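A, B, C, D, E, F, G and H label the chains in the order they appear, each numbered from 1.
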Amino acid sequence: MSKKVAILMGSDSDLPIVKGAIHTLQGFGIHVEVHVMSAHRTPQLACDFSAKARENGFGAIICAAGKAAHLAGIIAAHTTLPVIGIPIKSSTLDGLDALLATVQMPKGIPVATVAIDGADNAAILAAQMLAITDDELSIKLSDMKKAMVDEVVAKDEKLQAELNK
Amino acid sequence: MSKKVAILMGSDSDLPIVKGAIHTLQGFGIHVEVHVMSAHRTPQLACDFSAKARENGFGAIICAAGKAAHLAGIIAAHTTLPVIGIPIKSSTLDGLDALLATVQMPKGIPVATVAIDGADNAAILAAQMLAITDDELSIKLSDMKKAMVDEVVAKDEKLQAELNK
Amino acid sequence: MSKKVAILMGSDSDLPIVKGAIHTLQGFGIHVEVHVMSAHRTPQLACDFSAKARENGFGAIICAAGKAAHLAGIIAAHTTLPVIGIPIKSSTLDGLDALLATVQMPKGIPVATVAIDGADNAAILAAQMLAITDDELSIKLSDMKKAMVDEVVAKDEKLQAELNK
Amino acid sequence: MSKKVAILMGSDSDLPIVKGAIHTLQGFGIHVEVHVMSAHRTPQLACDFSAKARENGFGAIICAAGKAAHLAGIIAAHTTLPVIGIPIKSSTLDGLDALLATVQMPKGIPVATVAIDGADNAAILAAQMLAITDDELSIKLSDMKKAMVDEVVAKDEKLQAELNK
Amino acid sequence: MSKKVAILMGSDSDLPIVKGAIHTLQGFGIHVEVHVMSAHRTPQLACDFSAKARENGFGAIICAAGKAAHLAGIIAAHTTLPVIGIPIKSSTLDGLDALLATVQMPKGIPVATVAIDGADNAAILAAQMLAITDDELSIKLSDMKKAMVDEVVAKDEKLQAELNK
Amino acid sequence: MSKKVAILMGSDSDLPIVKGAIHTLQGFGIHVEVHVMSAHRTPQLACDFSAKARENGFGAIICAAGKAAHLAGIIAAHTTLPVIGIPIKSSTLDGLDALLATVQMPKGIPVATVAIDGADNAAILAAQMLAITDDELSIKLSDMKKAMVDEVVAKDEKLQAELNK
Amino acid sequence: MSKKVAILMGSDSDLPIVKGAIHTLQGFGIHVEVHVMSAHRTPQLACDFSAKARENGFGAIICAAGKAAHLAGIIAAHTTLPVIGIPIKSSTLDGLDALLATVQMPKGIPVATVAIDGADNAAILAAQMLAITDDELSIKLSDMKKAMVDEVVAKDEKLQAELNK
Amino acid sequence: MSKKVAILMGSDSDLPIVKGAIHTLQGFGIHVEVHVMSAHRTPQLACDFSAKARENGFGAIICAAGKAAHLAGIIAAHTTLPVIGIPIKSSTLDGLDALLATVQMPKGIPVATVAIDGADNAAILAAQMLAITDDELSIKLSDMKKAMVDEVVAKDEKLQAELNK
């Protein structure tokens, strides 16, 4: 059976950003489980979820958190699954705090960090991981890449039409 | 009986910085316990230590960590004791990563952050916390303040002597 | 008698941020005294307040200031009580100036710095300091921690309901 | 047959950093192919390598580059395999330029970014990706996690011995 | 025949900024060709455009891109024409990511970088390049410089009138 | 009688930087008084010095301090004399902390800030202030400007000689 | 006769910020001359103004400019009068570019830099410079300082009234 | 006759960096003129050089300067030739000050900025500008590009040999 992807967010205020990841994964036909879970407010729940994630059928865990974003790091401490971190921009410092707190992990415990507020890319990255050994999913990713080319070409054609009016 | 202070460091490479805190606390006659303990490599040990710190006689916990420094935050998640964070400068970014990962804690879980590599001040801050209800320790802190005045005045006198040679 | 907590702010424009700290401390049953006081515009008042804070029954002093935030440092220079600094975000530099001016204190004079605009955490930290030797207050802090777990769990349940609609 | 991991570096001066990744992957029994390849100096070679990486048996591609680090992004543009980026610290800006140029990828083309100079973690992350569907490799990662606990515990014991001398 | 200038933008959302460059170049009587083209989404189109730009009559290529802005670098990798990069400010980090990803190019492949969102200056710079051997265009640039003096002097006179009312 | 200039430094470790200012001022024939004085360790001495500086014959006060550099701000709080701040680079953050803590002063209390470690310029600025109404000193400043031209011209001539060898 | 103060701004869009400086100086009874003048668009006018400023009766020159703010530096290159720089926040980078371009002047040519957008403080600093040898102006500055104390005390009293309602 | 390229540096201490540009340009057979010239210390010489550069046979001007690097901007203010800026790293702030002071030019006066200390790229960029209408030089640039490919391929082959030993 296909692996699931978990999406954990430190606060329900992150949902508007995280929704992009949910839709992207579901678009690939990947089963997604989403939770509000905090490294600092519900550390025990987070540790337990992570420790059992592999046996519960997950293939990758996406974590979104802002400020001193520790969620991805703590989840990564309790599992050998790949953990993807989305640094969330909050009211100060433009997301730089979350970026550094997510990406600068010490030796031994990596977090695969994507761009600040980059939820769609976190989902694509999770799909790429699952697609390493899943040819069907790999074809869907290729199709998405081709659709991106078509979309850019269409935008360029529209631009030419506008500029030549 | 007086409360103890715990000093936890994410890596034994932080010891040269942390030593300043050990000596300062011992100079105040405060009992210190020092451990290498990692939020990411030994998360269970860290959680357990923190959860039992109050009942084990600790009054404050000092945490030193570099890079995506999560140790102080994780310790703070498991105790109601005040937690003091020392951001450690590592080989890149001059300690800014550790500073932001330590100080920018979300609502509900504060970390009392001192300067990058500021181990002595972490120790003085811990002593100030214990001294809130400990008049004897409070007098030692006052004496230290007076000694600092004397030290600066002596340096100024030495400077005058040098400049007037 | 229980120790009081002082909250000093460099400008009355900081009140909207600081109010969170007032309410949090009062919620713990801690007596709070609040003042507008400036390191630069009323330095003498600030020095006097700080020098007499311990004998006036205070156990900790919270200072909120923006830009080249010197208030916490100056207060800390005149007392052996623990001083908590809240860096306030102002119109430029996103609070980084206030953060560095508050946290990077020289050896001998610590300021326990919390997140930019982190007034609630400053209040919780002050309560944690007072609770080192106050079991009743310590229990209130534990209860707050449990309430945070319940709140996150409730948000997660609400999220599951929404996603499964 | 097991998937291979490619390690590409923008310049042979990155080899001292990258060696950590080679050894870590080989320690897991993963076949590694290493190349000097530049997004700017040999763009065609880089595009070709990436476009054929999946059919050539690779499961993940690690890219190390400094300054305006474009290598990981360009490789990611030509494959649906997960691409891991190691930002390399160069003579100015402490690696911040490479970090931002690697992690801040636009929607559609993720790069799984690890810490500045974090080659070991890039290798572990690649292994975690391959281990999603490889139980044997997953056990090796668990063993490595346990060895990290033992190592930290041993360092703590050594510290206790030193401090109690 | 006079050389043309190409303006490439990574996304059609950059058009409001880029329009300034189009108008400025057309004001100099320079023929402009504008395209939406992405280093990551349409890498092959970008490489092909760049590789043939000189023989297709272009004298300079302006590239506008945000975040991990690789477009200018990739274009520069495939041509010996001068390439001008406009770092575009996006939703986080205020354009610093795009600035560093554009300007910090490795040895051998320069990108002539202008200010964040500095599209007008990119156009003037392209015109200056073409004017090295084009006296007529050089005179137009001198005239623009004189017009700038007149404009500032007029603003100063208006200010004097206002202040003396 | 001519006004004196005071140079205050937060720590005697700042002397190697500050010496440049002493020599520059003495070269202009300005009487200099130098003190080690700390905003945090000897706040009362600093306040007293500043409050009496004008009546004691000073025309300007130069303050050098590192990290959360409060010295210039505190001195400025107690005098109406112009106060010049030299941000000192310390072991972390490359002087950015001292720069922001010195220059970002709140409305009402300016500090005339010069470059990080810019002691010579602090001295020249103090001389320029005294020279507003001192024609003799003004001529010395003009002479220094002319000498700078000669020095650059000489260096250029030496360079031409070298390159043409 | 009293010295005048010049206020130069790089663009008339800086006027809303600069107005604070005009009013503050006029409040001290200082004669002010205000000009739009650009280091880059009208360099000759700027050089001429500066070169003749002292003989034209000016005692200090305030320069406001944003982005790569060169105005203060260029003015300082042509006069021995003290030059005060106001870094102006523009649409990107929050004023950090203007701050560094204003304050980091090379040896020999100081610019007295105030806070980003700190026009009022630039005016007070200019008044302090003129007051070095002007007792009447010095008294006005003392009165302003006293008024600041009264204002803060009044705000504190108003706060006490509000909190005790 | 072919256009010359001027290289101006703010201080003779920049020569070790700038030498790379001299050699690169001479390698292309381009005539180079090198001068020490300062925006602040010899502003008149700089303005005069720039104003006459076109008529004196120059096609582009390269300016290297550190800290509040104004040289490129001032040169650009006086000519319609393209001006290339090399931000030089100095003792503090890792070149960020010079980068922002060089690249963030206001509308109307572009500076073509290359990487911090990127002298070689400044030279290549100047050659690319001259090569817009110079086919022979354009071929030399293509040859250099091909040599870069060969060099990288050779390094990769050497690496393969080492790894397979």
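Here is the rule we use: a contact is a pair of C-beta atoms (placed from the backbone, for glycine too) under 8 Å apart; a residue touches a chain by one contact, two chains touch by 3 or more.
Values in this document were obtained by computation on a predicted structure and should not be read as measured data.
The set of chains touching chain E and also touching chain H is given as D, G.
More than half of the contact pairs at G-H come back, by residue number, in C-F, the repeat among E-H, C-F or F-H. The chain pair C-F and the chain pair B-F differ in C-beta contact count, and the higher one is C-F. Mean C-alpha positions place chain B and chain E at a centre distance of 51 Å.
One inter-chain figure worth recording: chain A and chain H are separated by 41 Å, centre to centre, where each centre is the mean of the chain's CA atoms.
We define each chain's centre as the mean of its Cα atoms; on that basis chain D and chain F are separated by 48 Å.
Within chain A, contacts with two or more other chains are made by residues 38, 41, 67-68, 93-94, 96, 103-106, 108-109, 111, 115-116, 148. Pairs of chains that satisfy the touch definition comprise A-B, A-C, A-D, A-E, B-C, B-D, B-F, C-F, C-G, D-E, D-H, E-G, E-H, F-G, F-H, G-H. Every residue of chain G that touches chain H in the complex is listed here, in rising order: 10-11, 38-41, 43-44, 47, 66-68, 70, 73-74, 76-78, 93, 96-97, 100-106, 108-109, 111. Contacts from chain G toward chain C in the complex involve residues 89, 94-96, 115-117, 148-149, 151-153, 155-156, 158-160, 163.
Those residues of chain A that touch chain D in the complex are listed here as 3, 54, 59-60, 80-82, 84, 99, 103-116, 118, 120-122, 124-125, 128-133, 138, 141-142, 144-145, 148. Within the complex, the chain F residues that touch chain B are 12, 15, 22, 34-38, 41-42, 45, 67-68, 91-94.
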